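In C-alpha cells below, several structures.
The same chain A turns up in both complexes below, where it pairs with chain B and then with chain C.
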Partner chain A sequence: MSSHSETGKFHYHEPGLQHQFEDMGQQEESVSIGMWMFLVQEIMFFGGLFTAYLVFRSKYPMAFAAGSNHLDAFWGGLNTLVLIVSSLTMALTVYYAQKSNRNMQVIMILLTMAFGATFLGVKTIEYRDKFNHGLVPVQGWNKRIKAETNAEHETKPCWEVDHNAPAIEHPNPRGEFQWTDCSLVKKAQDEGYLTNAEKIGYFSNGEIDANKFRDKVRIFYYLYFVMTGLHALHMIVGLALMTWLLIVAWRGSFSEDYYMPVEMSGLYWHFVDIVWIFLFPLLYLLGRHFMHGG
Partner chain B sequence: MQDAITAEYSGPPKLNYLNNGFTLKSWLLTKDHKRIAIMYLITVSLFFMAGGLYASAIRLELLTPASDLLQTGTYNKVFTQHGILMIFFFLIPSIPAVLGNFILPIMIGAKDLALPRINLLSLYIYWVGGAFTVWALLQGGVDTGWTFYTPYSTTFSNTYVMAVGLGIFINGFSSILTGLNFIVTVHTMRAPGMTWFRLPLFVWAQYATSLVMILGTPVIAITVLLLAIERFARVGIFDPTIGGDPILFQHMFWFYSHPAVYIMILPGMGVISELISNFSRKKIFGYEFIAFSSIAIAVFGFLVWGHHMFVSGQSVYAGLVFSFLTMVVAVPSAIKMFNWTATMYKGSISYDTPMLYGIGFMGLFLIGGLTGLFLGAIGLTVHLTDTYFVVAHFHYVMVGGQVIAYLGGIHYWWPKMTGKMYSEFWGKISAMLVFVGFNLTFFPQFILGYMGMPRRYSYPPEFQVLNIFSTAGASVLGVGLILPLIYLTQSLISGKAAGDNPWMLPGLEWRTSSPPPTENFDVMPVVTWEAYEFGEESGLDLEGARANESVRTV
Partner chain C sequence: MAEYEQHDHDHIEHDHMTIPKYIGIFLVLVVGTILTYFAATVDLDFIFPGANTLVALLIAFTKMTCVMLFFMHVYWSPRMIWLSAVASFFWLAIMFSYTMQDYLTRDPGVFSP
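And now, the complex of A and B:
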C-alpha cells in the first residue's frame, strides 16, 4: 500500500505533484480514497432524508400517493433522462481527458453543463407549478388568489372529486398550502387498506377530515421540497465544479498523465445523478396506480 | 544503527515548524498539520474555558435549593450552552483535531496529512461554526438542552435555536473533513515498513474515530437542518399537531449522538494505550485486541442509540434489543481495560505527569463504564433516567475519560510540540488536584441521582449537603485545570529544552527533532521495528540512554 520510495530521500519533481506526496501514484490513491469517503458521508446525509421519507410513507401511504399523483411524471421522467445522458457526457469527458483530447473534453464538459442547466430549468418549471397550485408547504409562499363569490366546489364532500373536470382555481388569499381531494382515502376505506396511523390521522369523529388529510399531504410536499431542493443545491455545486473544469480543460491542462480532477468531479456528478435515480421513483412513481387504475 | 539520542545539538537554532515564519499569513494560510493543530489547540482551549465558566455558574446555582443566582430561564440556557460548547466545540475536536492532527502524521512517518488544504479548510469551518454559535449565544442563547428535543425546540422555545443549530451544522463538516483526512492519511501515507500492525494504537483509535465521524456526523447535519427548516417554515415532520413524529427526531439525533459519545472516548483510549505502554516501558499486552476493539466500538456504537430512549415510548422489543447491544458494546471497552492492566503488570512504571493522568483515566473510566451498564439495564434505567446519576455517569466518561486523556496527551507530547519541558512538580500537583476534585464533584452526584435528584432543575432541601460537596469539588477541579494553563505557558518562556526524546521512547515521533521540522523528518524513516519495542530491535539504545539520564540526575 505504502508507495513512498525506498531510497529514503524526499524528492518532488513531477508537475502537479503536491509536496506531501512521494509520487503521482500515492497522490492519486489519496485523492481517490478521499473522494469516496466524501461520497460515503453524502450517502449518510441523504440517508437521513430517505429514512424520514420511508417512515412517513409507511405511516400515511394514501396521503403520499395523493401528493405523488400531483407531481408531473413527464417532467420528472424527462429530467431523469437528461441526467442519465449527462452522466454519459461526463464519463466521456474523463475518457477524452485520458486520451489527452482537449477539444472533445471541452465539448463534453459544455454538453454536461447544458444538461445540468436543463435539469435545473425543468425543476424551476415544476416548482413554479407547485407555487401556482398552492402546493408549497410554507404558509405565504404560494400564489395568492382572491376569493370568488362562486365557491360551489366547497359544498361537496372532499372525496367526491371529478378528476376529469377542468382544474378550478381555488381561492387562496393568504398563499396557504391547499389540498381538497381526499378521494383516495374514501377508496382505501371502502376497500379496507387504510393503515392504523391513517385511521387516526385522516378522520375526525369517524368522518374523513379534509384538513387532517391535507396536513399529511403537506408532509409529503415538505419532504419533496427538502429532498429535491438539497439535490438541486448539489447540482448547482456540480455546475460550479464543471465551470472550473471547463477553464482548466480549455487551457489544455489535463492529459493522460494528469486527469484526477476530471475523474473526481465525474464521481461527484455521477453521485448526484444516482441520488435523483432514487428520488424519481420514490417521489413521482410510487402509488400512481391508486389513482390511475391498474 | 545505535543512535546517540541524548547527544546535545550545538550550532545555530535548527529550522523547525515554529521558527520558519512568523507572519500572521504564515499561520493563517499554512498547510502544515502542526501549525493547524496549534491553532486548534488555542481555539479549543478558549471554548473549554467558556464551557467551564458555564459549569461554574451551574455549580454555584446548585449550592442552594432555591434559585438565587440564576433565574430558571437563565439556568436553562446556562446548562444548555455548557453542553453545546463542551460537546460540539471542545470534546469532539479536542483529541482528534489537536493531538491527532499534530502527532498522527509524525507517528506514521509522513510529511503531512494526505490532504493539507482540506485540513486547513476544516479549521476554518470550525471557526465559522464556532463564531456563528458564539454570536447566537451572545444574542440571547438557547434553552432547549443540548439535545434539542422536539417539539419544544421546533415550536415552543423562544430562543435562538435556529442560529445555534446552524452553527452546529456548519461545525459538523469540520469534523467530517478531519475524519476523512485521517482515513486517507492512514491508508496512503505510511512510511516504508510501517505496516498496519506496526501502527501505534493511537493511530488505530483515530482511524476508528474517523469512521464514526464520517458515518455519523452527516446524519446530525441533516437532522439539525430539518430542525432549522421546521422552525423557520413552521411546518415539518417533527410536529405532532400535523401528524409528524417528535420521536423520529430523537432517533435521528441519537443515531449520531450516541456514536458521537465514542468520538468523545475512542481517541482518549488511544492516548491511554500510548501512555500505559510507554510509561510502563513494556510492549503493550494484546496489541491486536486493543486495535480491533477500537473498530468494534465504532461498529457496535451505531447499534445502541435506542438506549437513550428507553422511556420515550419505543416498543418493549426494541428496548430489549438495545439493552442487549448496550451490554455487548461494553465488551471491547473491557478488553482494553484488561489489556492495559496486563501491560502494567511487571512493567517498569514511572510516575511522570502523563502517566498519572493515564492511571487516573483507568480508575475513572472504569466507574464511568460500569455505571453505563446500570443505565443500559432496562429495569433499573426507568428509575435512573433523567436523574443526576446520568449526569455523573457521562461526566465520568467524558471528563474522567476524554478530558483526562487529553490532558495526559498534552503533557506527554508537549515537549515534542514546543521543544520545552514543563515543571514536573506542578504537573504532578495539578494531575492530583484534577483527580481528587473530579471525584469530589461527580461521585456525590451518583448518590444524588440514585436518591432521585432530577437533572436540569432544582432539588429538595435534603439533597443540599451532597450538592455542597459537589460544588466544593468543582472548585478544586477548577484550580487543577487552571494550573496547566499557567505552568505550560510559563514553560514556553522559561522551560528548559526538552531534547528530541525526553521520555526515552521508541515511537517514530521521538526520532525527529523537537519541535519537528516542517516536513517532520530530515530523512524519510524506514520502520523495521514493532510498535512499543523497547529492546534492541527498536534500533535505539533506550536502556543505555535511560541509565545515562539517571547518572546525570543523581
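And now, the complex of A and C:
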C-alpha cells in the first residue's frame, strides 16, 4: 500500500495508487507491461534451451526417443496435472483478491504452495531414480556401485535387450553415465529411417557402437536435467513469491482496489506452468509410440 | 477540479471470469493432458514421420492459449500485452527457423555429419 503525502487536497487518491502514476488505470497498465516484458525475456531464455533440444533431436531422434522412454511418464503426467491444479488455485487467488475476500485468498495461496511443493517432491523422486540408475550425465554424480569381483561379462549385442526382465544393477564404481540399450538403433536401421547424423554418430566400422550411442543419449539427459532443473528453480522462486504473497494477503492488504501484486505473481506462476506444458510431451512422451523398439 | 471523480472507469476491467469459467478452463487443460498422454502411445508415423510430435505440440499450444487468454487474462488486456505475447513467439520462431535453416542444410563435411 502506498503512503504518499497529502499534497493535492482537492484531488481524490485511490488508496492503492503510487504517487508516480496519474490514476489506477495507468498504474495497472504499467505494472502489467513491466511484468510481460519480464515474461517475454523468460520465454527467450527457455527458448534457447528449446532450440538446443530442436537441433540435437533433429540430428539424433533415436537417442532422444530411447532416453525419453526411460523417463517415467506417470510421474511426468502426474506433475502436469499437479501444476494445472496449482494454476487453477492461483487464478482463483486473483479472483478472490478482486472480490476483496481475504480468507479465500489465503486458502488459495496455501493450496497453490502445497501443489507447488508436491511438484518439487515428485521431481525429487524422479531425480533420485536417475541418480540410482546412472543417468545423471556428469561423471561422479551418480550412485557408485562397486564392481563385483567375478561379475559375468555381457556378451550379447547391445540391441538384444529383454525389456521385461528385471532391471540389472550394473556396477558403476566411478559414478559414470550408463546406457546399454541400443534396441531403437537396430530398429531404425532395419526399417531404414536413420538420419545422416545417426548413420555416423551411432556406428563404428558399420557396427552399432554402444559407447557412441550412449554419448548421444547423454545429450538428451543433459537437456533433460538443464530444462527440468531450470524449471524447478523457477518453481522454487515461485514458492518464495507465494510466501511473500501469503504474508501480505494475510494482513488483508489486497482488495478490489489494489490487487496487482497478486495478479503479477499469478502471471509468473502461469508462465512456469506453460513451460511445463511443453516440457512434458517433449521430454517424457517423444518416443513413446515406439517404446522399447516394439 | 474534480477530474479524479470518475476513477472507477480507469480500472482495467476484471469482472469477466467467474468460478465456473475458471473450472471450465481447468477441465479443458486436464482433458488436454490426458489426450497428450494417450496420443503419444499411438503410433501415428503412418500419416507422416513425426506426426506424434505435431499432435503433441498442437495440444500443448491449445493448452497454452487457454492458460494465457483466461488464466493470465490476456483476452481482456490492453493491446500492448497482446503485442508482447505475440511478439515473443515471433522472436522464438525466428530463432528456431534461422537456427534450423543452418543445421538442416549443411552438407556432410567439417561442420556436420
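Note that the second predicted complex is superposed on the first by the 271 of 294 C-alpha atoms of A that agree within 3 Å, B and C clash if a C-alpha of one lies under 4 Å from a C-alpha of the other, contacts with A are read in each partner's own complex, and residues count from 1 in each chain.
By our rule, a residue touches a chain if its C-beta (ideal position, glycine included) is under 8 Å from a C-beta of that chain, and two chains touch if they have at least 3 such contacts.
Since we're looking at a predicted model, the values are computed, not measured.
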item: Which superposed partner A:29 touches (first chain B, second chain C, both, neither); value: both
item: A:290 touches, of chain B and chain C: first, second, both or neither?; value: second
item: Touching partner for A:19 - first (chain B), second (chain C), both, neither; value: first
item: First, second, both or neither for A:216, with chain B first and chain C second; value: first
item: First (chain B), second (chain C), both or neither touched by A:60; value: first
item: Contacts of A:40 with chain B and chain C, given as first, second, both or neither; value: both
item: Chain B versus chain C as contact partner of A:280, first or second or both or neither; value: second
item: Touched partner set for A:201, first chain B, second chain C, both or neither; value: both
item: First (chain B), second (chain C), both or neither touched by A:49; value: first
item: Shared chain A contacts, counted only where both chain B and chain C touch the same residue; value: 10, 26, 29, 33, 37, 40, 44, 47-48, 51, 55, 59, 197, 201
item: Residues on chain A engaged by chain B in the complex (per definition of touch); value: 1-10, 18-21, 26, 29-31, 33-34, 37-38, 40-42, 44-49, 51-52, 55-56, 59-60, 137-139, 177, 197, 201, 212, 215-216, 218-219, 222-223, 226
item: Chain A-touching residues of chain C, taken from the complex the two chains share; value: 1-2, 4-5, 7, 9-12, 14-15, 17, 19, 22-23, 25-26, 29-30, 33, 36-37, 40-45, 49, 52-53, 56-57, 59-60, 63-64, 67-68, 70-73, 77-78, 80-81, 84-85, 87-89, 91-92, 95-96, 99-100, 103-104, 108, 112-113
item: Of all residues in chain A, those that touch chain C in their complex; value: 10-14, 23-26, 28-29, 32-33, 36-37, 39-40, 43-44, 47-48, 50-51, 54-55, 58-59, 73, 77, 80-81, 84-85, 87-88, 90-92, 95, 98, 193, 196-197, 200-201, 263, 266-267, 270-271, 273-274, 277-278, 280-282, 285-286, 288-291
item: Complex interface listing, chain B residues touching chain A; value: 110-116, 118, 176, 179-181, 183-185, 187-192, 194, 214-219, 221-223, 226, 229, 233-237, 242-245, 248, 252, 519, 523-524, 526
